[in-house]
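Heads up, the thing below is written out as C-alpha cells.
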Amino acid sequence: MRASRFVLHAAVAAASTLSTAAFSQADNWYPSPYGPADQRGAANRITPQKVLEAKNLMTRGTVYQLGQVYESAMPLFGTRHFSLKIPQTFGPFGANDLWFHDEVVSGELGQVGTQFDGLGHIGIGDTFYNGNKRAEFSKPDGLEKLGIENVGPLVTRGVLVDVAAFKGVARLDASYEITLADLRGTLERQRTEVRSGDVVIVHTGWSSLWKVDNTAFGATSPGIGLEAARYLVEREVVLVGSDTWSTEVVPNPNSDLAFPVHQLLIPRNGIYIFENLRTEDLARDRVYEFAFFFAPLRLKGASGSPANPLAIR
Amino acid sequence: MRASRFVLHAAVAAASTLSTAAFSQADNWYPSPYGPADQRGAANRITPQKVLEAKNLMTRGTVYQLGQVYESAMPLFGTRHFSLKIPQTFGPFGANDLWFHDEVVSGELGQVGTQFDGLGHIGIGDTFYNGNKRAEFSKPDGLEKLGIENVGPLVTRGVLVDVAAFKGVARLDASYEITLADLRGTLERQRTEVRSGDVVIVHTGWSSLWKVDNTAFGATSPGIGLEAARYLVEREVVLVGSDTWSTEVVPNPNSDLAFPVHQLLIPRNGIYIFENLRTEDLARDRVYEFAFFFAPLRLKGASGSPANPLAIR
Amino acid sequence: MRASRFVLHAAVAAASTLSTAAFSQADNWYPSPYGPADQRGAANRITPQKVLEAKNLMTRGTVYQLGQVYESAMPLFGTRHFSLKIPQTFGPFGANDLWFHDEVVSGELGQVGTQFDGLGHIGIGDTFYNGNKRAEFSKPDGLEKLGIENVGPLVTRGVLVDVAAFKGVARLDASYEITLADLRGTLERQRTEVRSGDVVIVHTGWSSLWKVDNTAFGATSPGIGLEAARYLVEREVVLVGSDTWSTEVVPNPNSDLAFPVHQLLIPRNGIYIFENLRTEDLARDRVYEFAFFFAPLRLKGASGSPANPLAIR
Amino acid sequence: MRASRFVLHAAVAAASTLSTAAFSQADNWYPSPYGPADQRGAANRITPQKVLEAKNLMTRGTVYQLGQVYESAMPLFGTRHFSLKIPQTFGPFGANDLWFHDEVVSGELGQVGTQFDGLGHIGIGDTFYNGNKRAEFSKPDGLEKLGIENVGPLVTRGVLVDVAAFKGVARLDASYEITLADLRGTLERQRTEVRSGDVVIVHTGWSSLWKVDNTAFGATSPGIGLEAARYLVEREVVLVGSDTWSTEVVPNPNSDLAFPVHQLLIPRNGIYIFENLRTEDLARDRVYEFAFFFAPLRLKGASGSPANPLAIR
C-alpha cells in the first residue's frame, strides 16, 4: 500500500484580509547584515572558532546519522514524488568480467525526505532573502541567486531541544505549538543554552508516524510557533531543524497564516530550516550538545538539498 | 554548448582470452572478514578511536568542501544524465503571501558528478561483495543487499596524496598510471603515512578539464593501477578517492582489463571509491592530513551516493 | 488526496508446485509463424485490405479518443509513478518578446495510464516472444529486441465488446471472469463478429472507479479469463484491450496463476494488450464496429507505449 | 559519442529596440473567433466533413508513420533531456513463472523529438492564445488552461509540401527561408491546393542531419518565414509541420525576431506546429495528399505532446 500524501492544510489557501500587521509589516528586513550581495545568510555566523567549539564536543567518538532513508514509501508533500529504480546490470566488460549497477532517481530532490531548505525556497510575495525579486532569479534551469550551492559547510555546535521529554510524552500532539516557555523550560531542564552560530534541532517524537501513518504524519505537525521562532532569531542561530516535515506548527494557530515561521526564518533572517531529521537516537542517548556537520549537495540553482547530516559526541 | 560525454573505452568491451590469472583467480575473497552477512565492508575499520584521531587534526577550524557542483553541463558517463529544473513558483498561500520553490531532479544520482561508489556497484561476473549473487539482490526497486543506506558515517583521518606535485606537473598526463613508487614517493615527500582505517584521496589535477574539455576529461584518466591499489589494500584503507571520474587509470595498461582496480577494491576488499572530488583547495594549501566527514545519502537500494564531503583542518 | 496504488495480488507471488500443465507445457510456441527474426507478432496480420476495411467503417466522421488523461492523481501500479511539472517560463527572447513553456515528465511511461503492452513486456521464465531470451535483449539502455519502436501502425477494424451491457450492469463485479459464453453472447447480442486482424476492446465499466476509488480500481479487476482469451487467439486478433488496468481477470480464478492471459497473448501469440482505455463513449453510442487508429510512440527499447488511440465511425 | 545540443541562436537573446511594428502591433488578436473560453484554436476547423474528406484519400491502404524514434542520442534543444532505462526485470510471479519489464522515462516530453506544440507553449510577453495571461494559468503542476489534453483528435486532409524537390535539392540550405513564392511554386508543381481545415507539412530534407550531425541540425534551420506563414494563416490551416526542429527559419532573417512564426501561428491564430516529423517516406513516394491521423497524448497541463502521427494513402 502506497503512502498517502500530505495535503496543504485548508487554512493555508485561505487568504485573508485580517490584519497580520505584527508579522507582515515592511520592517526593512533587507539588505541583509552581510551586505546586499550576500547569498549565505546566517551561515556567515560560522567562524573557525565555532568549528573548534564543535570539535571540543567530540569526546567519545560516537557518530549519529540524522538523515532518514529515502524511498518511495516515505511521506511526501503535495504532488512531490521520489522514484529510484535499478536498471538492468551493465556488462560484461573486459576479460575480468566486470559488471556494474547504477540507479535512476527522480523527484523534488531538495524538498523530499530529510531536506535542508535554502534561502531560495521561501518568499514573501515576490521578495526573497536579501530583497531578491522572484522574476529576477527564478529561472527554469535553476535559481540564479540563492541556489543551494552557495551555502557551503555548516560545521558548528549543535543543540538538541527534546521538547517531548520536557512535556513528558513520547510524541507531541498534532498541531501542538511549542511555546517560548516550552523552549526555555526544555533548555533549562537539559542545562543547555543556545549560542550565536548554533544549530538548534527540536525533538517532537512526530517521526514515530513516519511510514507508520503517513497520512497523519503529513496532515498536521507539532512545532515551534512565531514566539519561539523569534527567540531563536534573537539567539542568532544558523538553522532550526526538527523531526517533522515542517519544523513549525501546522496549521498555525492563526489560521490566516501559512507557514509564517518559514518566512520569519528564511527570507527575513537568512536562517535555514532542516526537516524530517532523525532525532530519536540523540534523544534516547540524551545527547543535547554535539558537533554538527553538514554541507548541502551543490545542486546548482536548487532550493534545497537532500541530506544525511552528522552529529558527533 | 552541451558537454560531450564519456565513452566506454574500446578496450573495455574487448573481452579477451589472455590469461589474467594473477588477477582473476578465485582466491577465496568471501565471506568477508566481517562475517558472511556484512554489508559495510571496510567501513567497519572506523572505530571511535579513528573518529578521535580525526578530531585531533582539526587545529585551525578550516573547512574544505570536496564536492563538485551538480549541473547538466558537467561531464557525464555513457548515457547517464543529470537534469534539474525549477517548476513554476507555488503560491500564494495565506494572508502572509507565502510563495515557495522546489526543484525536479532526475539522473543516475549515485553515479554522476561527485560520486561515492557503494558495495553494490561493481561485480566480478555475477558475484559482488561478500559473495552476494546478482540475481538474488539486484531488484528493480533497489538493491536488496549492499544498498548505500547500509554504509553509515565515515568520519576518520584523511590523507591527500598529491601525485601531481610529486611529478612536478599541474596535471598528470592522459592515461598515466600512478605506480607504487609514485605513491610511496609522494607520501615520503609529504611526510605523511597511510594508516588502517584512513581515507586516501589522490590529487592528479585532472579535474582542471572539468567543464573545460568534457570530452578529454572523460575519454581517459590518469589514476592508480593495480600495483598501487594493492598497496592501499594492504594499508587497510576505508576508501580511495580522487579528482578523476574513475580514480583508477583508464584505459588500464593491460588492455584486456576493464576497471580492474574497481574490482580489487569494491567486491574483493569492501573498500569504497570516491570519484570527481574537488581536491584543488587541499592541494593548494598543502593540507595532506585532515579530518574527513561523510555519510552517503540513505537512498534505499542505491549503488552509490552523490556527495559533498568535508575535509577539516 | 493522493491516489492509492495497486498492490500485486497476494496470489501473484504465491509460486506453487501445483501442476499447471495445460497452460505451461512447452508446446513449441516459437519460432513465430512470421519467422524467427520477427518482432511485430500479430501486427503482421494487418494488411492494406484491413486498412481499407477500416476505412469503410468511417461513415459519419465521428472521432472518439480512447486515451485517459495522464496525471499524478491517476491510479498507478506498484511503485510506478507519473510526474509532470511546468518549469519557470523561458524568456524573454527577441524584440518580439517571445516566452515559452515546456514540461518535465517522468514515469514508467509505457506502463502507466492508458498503456499499450509490447512484445518485450511479458516473459514466461526467461523466454519472451519468438523465443528471445531475457539475458540477450534486456539491456539498461533499452530492450535490444522486441522494443516498442518495432510495432508500427495498427490501422484496422475495431470491435467493442460491451460485456457490461450484455450482463445488464453498469460495471462488472470485482474479479468477475468474462467467460467464453459471455463473449459469444455479447457479440451475438451486438450482431458483431470478430475477424482475423481485428482489434477487440472489452467494455466492463470498471473505469468508472478511475480517480473515484483508485484503491478499489487497482485491487482487483474484472476481465477475460484463459477460455475467452483462447477464443480470441483462435479468431486471430491483433490486440485485446479494455477499460481495466489488466484486461484480464485479476486475481485469476486459479490462484496459482499470475496474469496468465498476458502470457497467452503476448509471448505465446504475439497479440498485444491495451489497458486503461476510455470505452464509455463507444459504449454509450453503441459503436460496436469502428475504424481503429494507433501507432505506439517510437520509444527505443521500451516495453510499451502511452497512447491516445482513435476510433472512428 | 553523445549528441551535441542546440543552442539558442545568439540573435534570439538579442532584445532590440528596432521597430517591429508590422509584427508586434496589438491588433486585437483575442478573443478568438471560437469564443473567449476556447482552448482548441484551429482544431475547431475540423468537422465530420473534413474527416470524411480525409477518408476519401485512403485509396491504397498504405500507412506512413511520421514520428521519429525517441532515444537519448537524438538532437535535443537547450538543456532538455530524454532518458529511457529498463529496470531490472520484475519476477517471478505465479506458478506460471511470469516476468515483466517496464521502463523509466524522463524528459521534457512534449518538447523533445517529434513534438506537437500546443497553445500553451508560446506567449507574446505575458499573453498567450485567446488572451490568457501567464500568471493566471501557468502553474507548477500543469498549465491550468491551454493544456494539451484539450486539443482532441486531428483527423483531416494532410498536404505535403516538398519544397526540397521544388528547389531541386535533397536538403535545403541552413537558414534558408521558404518564401511565399516557394510555397506557391511547390503546390503548383505538385498540383495540390491547401484548404481550410488542412494539415500542412513541409519537407525540407533537413532531417537527414538527424543523429548524423546533431550540432549542425540544431544550430540553424531552413523553414518558412513570416510571409509564407501568413499565407497559411489565410488558408485557414489547422497545423503546420515539418522535418525540422523549428518548422520556421532559424535564425529569422530579421535578426531582432526570435521564432516570430511561432507567435504568429500559435497565440495569434491558434494554429498548431509539429516539429521533427519524418517526412522522407511521403516525399519518396510523392504522397502530396493523404489522410492525417493524430491526437496528442492527454498529458494534463502539458505544453505539447510526443507523437507518432499517421498519414494514410
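As written, the chain order gives the labels A, B, C and D, with residue 1 at the start of each chain.
Operating definition for what follows: a residue touches a chain if its C-beta (ideal position, glycine included) is under 8 Å from a C-beta of that chain, and two chains touch if they have at least 3 such contacts.
Note that the structure is predicted; figures quoted are calculated from it, not measured.
> Are the two sides of the subunit A and subunit C contact the same residues or different ones, given that same means over half of the numbers occur on both copies?
Here the answer is same, because the shared fraction of interface numbers exceeds one half.
> In whole angstrom, what separates the CA-based centres of subunit B and subunit C?
44
> Where the centres are mean C-alpha positions, what is the separation of subunit A from subunit B, in Å?
That gives a centre separation of 28 Å.
> Find every residue in subunit B that makes contact with two or more other chains and list them.
Answer for subunit B, listing residues that touch two or more other chains: 72, 79, 83, 85-89, 104, 106, 138-141.
> Take each protein chain as a node, join two nodes whenever their chains touch, and name the resulting shape: line, ring, star, complete or other.
Basically all the chains touch each other, so complete.
> Residue numbers of subunit B touching subunit A in their complex, please.
Touching subunit A from subunit B are residues 8, 11-18, 20, 23-24, 47-52, 55, 58, 60-63, 65, 67-72, 80, 84-86, 89, 91-111, 120-126, 134, 138-143, 149, 152-153, 155, 256-260, 262-263, 293, 295-304, 306-308, 310, 312.
> Help me check something: in the complex, which residues belonging to subunit A touch subunit C?
Spelled out, the residues of subunit A in touch with subunit C are 1-2, 4-5, 7, 72, 76, 79, 81, 83, 87-90, 106, 138-141.
> Considering the complex alone, what residue numbers of subunit A touch subunit D?
Subunit A reaches subunit D through residues 79, 83, 85-89, 104, 106, 141.
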